[in-house]
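Here chain A shows up in two complexes: once beside chain B, once beside chain C.
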Partner chain A sequence: MNRYLKLVHMEVHRFRYLMLFLMGIILIFQVGAIISVLSDELSLKWENPAYSSVRQPFVPEGMLSFTWVISQTNFYFIIPIFISIAVIGLYIFFIWYRDWLGKSTFIYRLLMLPGARCQIYLAKLTAILIFVFGLVSYQLLLLPVEKLLFQMMVPAEWRVDSYWPEVISANLALDMLLPRNVEQFFTIYGAGIMAVLIIFTAILLERSYRRIGILYGLLYVAVHVMAVMFLPDLLGIGNPDSFLYTDEIVGLVFGICLVLLMLSVLFGFRLLAKKITV
Partner chain B sequence: MKRYWMTLLFSLLAIGGISVYYSMGSVDHLPDFKLEALEGDPDELGAVSLTGTYGGRMKSEVVEVTAAGSRYQDRNTNVRNQLLGRDKWFSRSMMFDSFIGERRNVTRGKKYDLQAYINEDWFIYAKWADFRGDSSDQGGTMQITVYDRKADKERQFEVDVRVFPGAIADVQKLGNELHVVINNYLSYYPSAAIYDLVIDLSSEKWDRTDKLAGKNELSGKIFTRNSIYLNEDLSESSSAFMLVNEAKESIISGSIGSSFESERLSEHLYAYSLLTGKKEEIPVFYTLSKSFDSEDNRFKTSLYGDTYSLVKYSVQSAVVSQYNLSTKEDRREYLKLTPEQFGAVKIGDAVLGNNKIYLLLLTKSAPLVAVVDLQDTTILYLGQVAYVNPEVAETEKIEYLRLGNIYVKRQ
Partner chain C sequence: MVIRVEHVHKRYGLRKVLNGISFTADKGQITCLIGINGAGKSTLLHAVMGLTPIHGGHITIDGEAPGKQVYERIAFVPDHLTMPPGMRISESLRFMEDFYKGWNMARAQELLQFFGLERTERLGNLSKGTTAKFSLMLGLGQDTDYILMDEPFSGIDMFSREKITEVFTSDLIEDRGVLFTTHEIAEMERLMDKAVLLQDGKIIRSFDCEVMRYEEGKSVRDVMREVYQS
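Moving on, here comes the complex of A and B:
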């Protein structure tokens, strides 16, 4: 356990500057956009207190809400979030390949460490999860700070309050990252974890069998994607003549996804333990 | 331990932020509603749901209100519900739904209510077991499942028929005869030849085929468009009628086989008796013409047993007419309902079902729902939308609730 935690720390430590960089651009883009939008609106309002660009059927005329500010800064929220997704997406590959690249192949040292090799695999997975959920939580933490900024800039008589789910649904990227339904949160991030595990196994296939391993890896990914995407239709979902009921099909699809997830982990462990040699 | 502070900080941030948000911050504070009875029997509302939006926020939220409570669409959107929702079109009947719940093994692979006949005594399901080819004279094999609900006995048999295996549009049982209505769509044509395929339930053999509507021959730019209207009544004795609509249309632009635009030249509505095989035209007044359908004036129709009902409605009134297909009694515009008689300002929507009219009535505050019996015109139910928790009235406004549609599930 201690060795696993040390490996997790090592992976987090290696990513720390990138993580701080991502946090920084999220802060700069979002806070900058909020200040810019509010400054424009408020300068016009100070000139003419009757002025309002806010056209909302249910919010009192001329009043500003934090939800409105977030909806006006959609683009500047989406850009750093998409950059973060792209960086972590690429790092899912880099977290393995960086150990093989460079002057001293670090992977040999890792593989020769005493204890089970599966800890390397689990540490890399844990690190990716910390990066993803860390950035999502950071975004959640940033929102109250941004709301405080809104309250500091807008006089109390010109503002109305907003609820958090309303604020989040006003932005396309936030709405995607933080669905209102908690079950949907587990479903999309569960699917994300499954995708990471499938890619990890594909990378290990490539590392184990080299050139032909690329083909194995691509096939492995393709089979899983096809299975998950087309399984509900293959089992007859939406067809009243199908033998299975819709709830049975949904249960089976979720069950099969869970089995595929576990098989990917076990296959990855096996490749790391038996096929990758120093 | 000191050297691990950054990892610990990121880990705590990852777990803490999301946990705190979903345990406390994700509550949307949207008010929940229900339908409360002002007068009449609340059981009348079992099949009714109202849909619309709730404002009071920057973005309106789609909401459905029933007697049991309300349901916000975004609050319940997830992959599981989206997948489960793929079977919503299978059934529009409450009795069929509850039978599926009780007898899952009997209805396994038999979940489409248009192919089923169900009442308190029987569940009968027809489906194609074999298609012999594209030629209509080759026909196919139909599999019939007959389940006696009282005796808990099931039998299944196959029948060879010489009718092109088109889409099954309705199944009715009349005594010992099973009537399976086939909608025989022709390639590239906008309408169908419609057949009533009669199967003897005792001998388990195909007895005869009656034609309800002919092929939709194209002559120049003129073609016919045939369709059927099914009976809502599930009781065996009064389900002998269905309606056949035959319309003649002219192509204005485009051509059949690709996209085209057409205008209606003429329209006839026929009552077809499954019992006698006879087809009789009903008065032109009841023809489902779009001539009186506009943004302000809308219409809905319903066939329940021997009675065909038509309601023409606008925001000011709903006027109901009924025609009895057996006795030919014509009760033209015999019932006029206005929002004022229920203490409302406008009619939001109207729907016919189960030989009743269901009205969504808009007031200056909470919307109302009225259910009126079409036979004796008595008010069966009057109810109003109310907050589940009345205390939210201090922070929310009922005016933000904008309901526009009423939906009634078949019983």
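Moving on, here comes the complex of A and C:
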């Protein structure tokens, strides 16, 4: 356990600058967009106090809400979030390949550590999860800061309060990123974790069998993607004549995904212990 | 106390890299795997360290198969850097101390001084010769029974070679089993106890250097000439 935590610490230490860079991008884009939208709106309002471009239900005319600002900055919220998703997507590959390729082959040292090799796998997986949830947490912390900025910029007589659920719903990226119930959390992040594990196993297949391993890896990914995508339809979800109720199908798909996930992990452990080659 | 390699086979695709290799490397002896490039020397060391799977045969270290249980007793010094290039030398020492119970920090500090390595230096900035010394320091800093070295003299300058050769004659090596590979024996000839000559994944000659000198009056270099130029 201790050795696993040290490995996690080391992996986090290795991506700290990348994470800080993404945090910087998120801050600049979002805060910049909020300041820009509010400045435009407020300058027009200062010139003509009767002016208002805000048309929102439950918001008195001429008033500004944080929800409105968030809905107006959709694009600038989405861009840094998509950049972060793309970087994390690439990092899933980089976290393994950087240890094999380049000037240093750190994988030699990692594989020669006097502990179970599955700890390397788990440490890399944990690092990815810390990366993802670290950025999500940062976004959650940034929202109140952005709300404070809104309150500082807009005079009290021109603003109305917003509720967090409506703020989150007002932005496509936030709506996707911040689930508001357990089912949504498992659907979004469960699918994400499963994708990471499948890719990890595909990478280990490639690293174990090299050229033919690329084919094995691609096949492994394809089979899993097909299973997950077509399974609900195969079981008859949305079909009134289906033998199973929707809840039962969802439960079954969830169970099958869980089994595939566990098999991926165990297969990855085995490859790392018995088949991997430097 | 011995590293035992028995009938080991290994292939990459259809190409056989190791073809029925068998030999032993005893504790307290220096065993040298000699062969031209591509003979299978590095692959054999990787197999002994469990860094690549074999397709036949057995490898044991004091009766145990390579794996997590033996990494405290056997150290491997490859011919390239095995730490992240962004790490400083001091950080790499801490890494070794964190993960290996048998890490001897006092000895590692002595070796740092002996090799003239700067603690603050980033590993990515080290030259080839300094990298070789750094890797050797990591290997010798562990209290292990065996140490494996892959081409410790390859591509490094004369002064670095001398420093490394000096280590081979010191008490740092004395009680350990050393298994190293080379394709140019040069200054190591007088130090090695046993030579294993490889060609195309097979052992073509294996002998005790002392016995060979006394009984047949031949040096390792003479035997190499016989074998590789015949």
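Just so it is clear, the second predicted complex is superposed on the first by the 265 of 278 C-alpha atoms of A that agree within 3 Å, B and C clash if a C-alpha of one lies under 4 Å from a C-alpha of the other, contacts with A are read in each partner's own complex, and residues count from 1 in each chain.
As a convention for this text, contacts are C-beta pairs under 8 Å (C-beta built on N, C-alpha and C of every residue); 3 or more make two chains touch, one makes a residue touch a chain.
As the structure is a computational prediction, the values presented were derived from the model and not from experiment.
Colleague: If chain A is used to align the two complexes, do chain B and chain C fit next to each other or clash?
Modeller: Aligned on chain A, chain C fits beside chain B.
Colleague: In the overlay of the two complexes, what angle sits at the CA centre of chain A between those of chain B and chain C, given in steps of 10 degrees?
Modeller: Between chain B and chain C, as viewed from chain A: 140 degrees.
Colleague: According to the stated criteria, A:F185 is in contact with first (chain B), second (chain C), both, or neither; which is it?
Modeller: A:F185 sits against chain B, while chain C stays out of touch.
Colleague: Contact-wise, after the overlay, does A:N171 reach chain B, chain C, both or neither (first, second, both, neither)?
Modeller: Touch status of A:N171: no partner.
Colleague: Between chain B (first) and chain C (second), which, if any, makes contact with A:F133: first, second, both or neither?
Modeller: First partner only, chain B.
Colleague: Check the residue A:T67 against both partner chains and state whether it touches chain B (first), chain C (second), both, or neither.
Modeller: first
Colleague: A:T201 contacts which: chain B (first), chain C (second), both, neither?
Modeller: A:T201 contacts neither chain B nor chain C.
Colleague: Would you check which partner chain A:L113 touches, where first means chain B only, second means chain C only, and both and neither mean what they say?
Modeller: It touches chain C, and chain B stays clear.
Colleague: Let me test your reading of the model: by the given contact rule, A:S264 touches which partner, first (chain B), second (chain C), both or neither?
Modeller: So A:S264 meets neither chain B nor chain C here.
Colleague: Counting touched residues of chain A, say whether chain B or chain C comes out ahead.
Modeller: On the superposition, B touches more of the residues of chain A.
Colleague: Considering only the touch criterion stated at the top, classify A:R211 as touching first (chain B), second (chain C), both, or neither.
Modeller: In the superposition, A:R211 touches chain C alone.
Colleague: Rounded to the nearest Å, state the minimum C-alpha distance from chain B to chain C in the superposed three-chain model.
Modeller: 11
Colleague: Residues of chain A that sit at the chain B interface in one complex and at the chain C interface in the other, please.
Modeller: In chain A, no position sits in both the chain B and chain C interfaces.
Colleague: Given the complex with chain A, which residues does chain C contribute to the contact?
Modeller: 12-13, 46, 49-53, 68-69, 71-72, 76, 78, 80-86, 95, 98-101, 123-124
Colleague: Which part of chain B faces chain A closely enough to touch in the complex?
Modeller: 3-4, 6-7, 10-11, 13-18, 20-22, 25-29, 55-60, 74-80, 83-84, 86-87, 90, 104, 108-112, 115, 127, 400
Colleague: Quick check on the complex: what are the chain A residues that touch chain C?
Modeller: 3, 6, 10, 14, 102-106, 108-109, 111-117, 210-212, 274-278
Colleague: State the interface residues of chain A toward chain B in the complex, per the touch definition above.
Modeller: 5, 8-9, 12-13, 16, 19, 56-59, 65, 67-68, 71, 129-134, 136-138, 140-141, 162-166, 169-170, 178-185, 187-188, 232, 237-238, 240-243, 245-247, 249-250, 253-254
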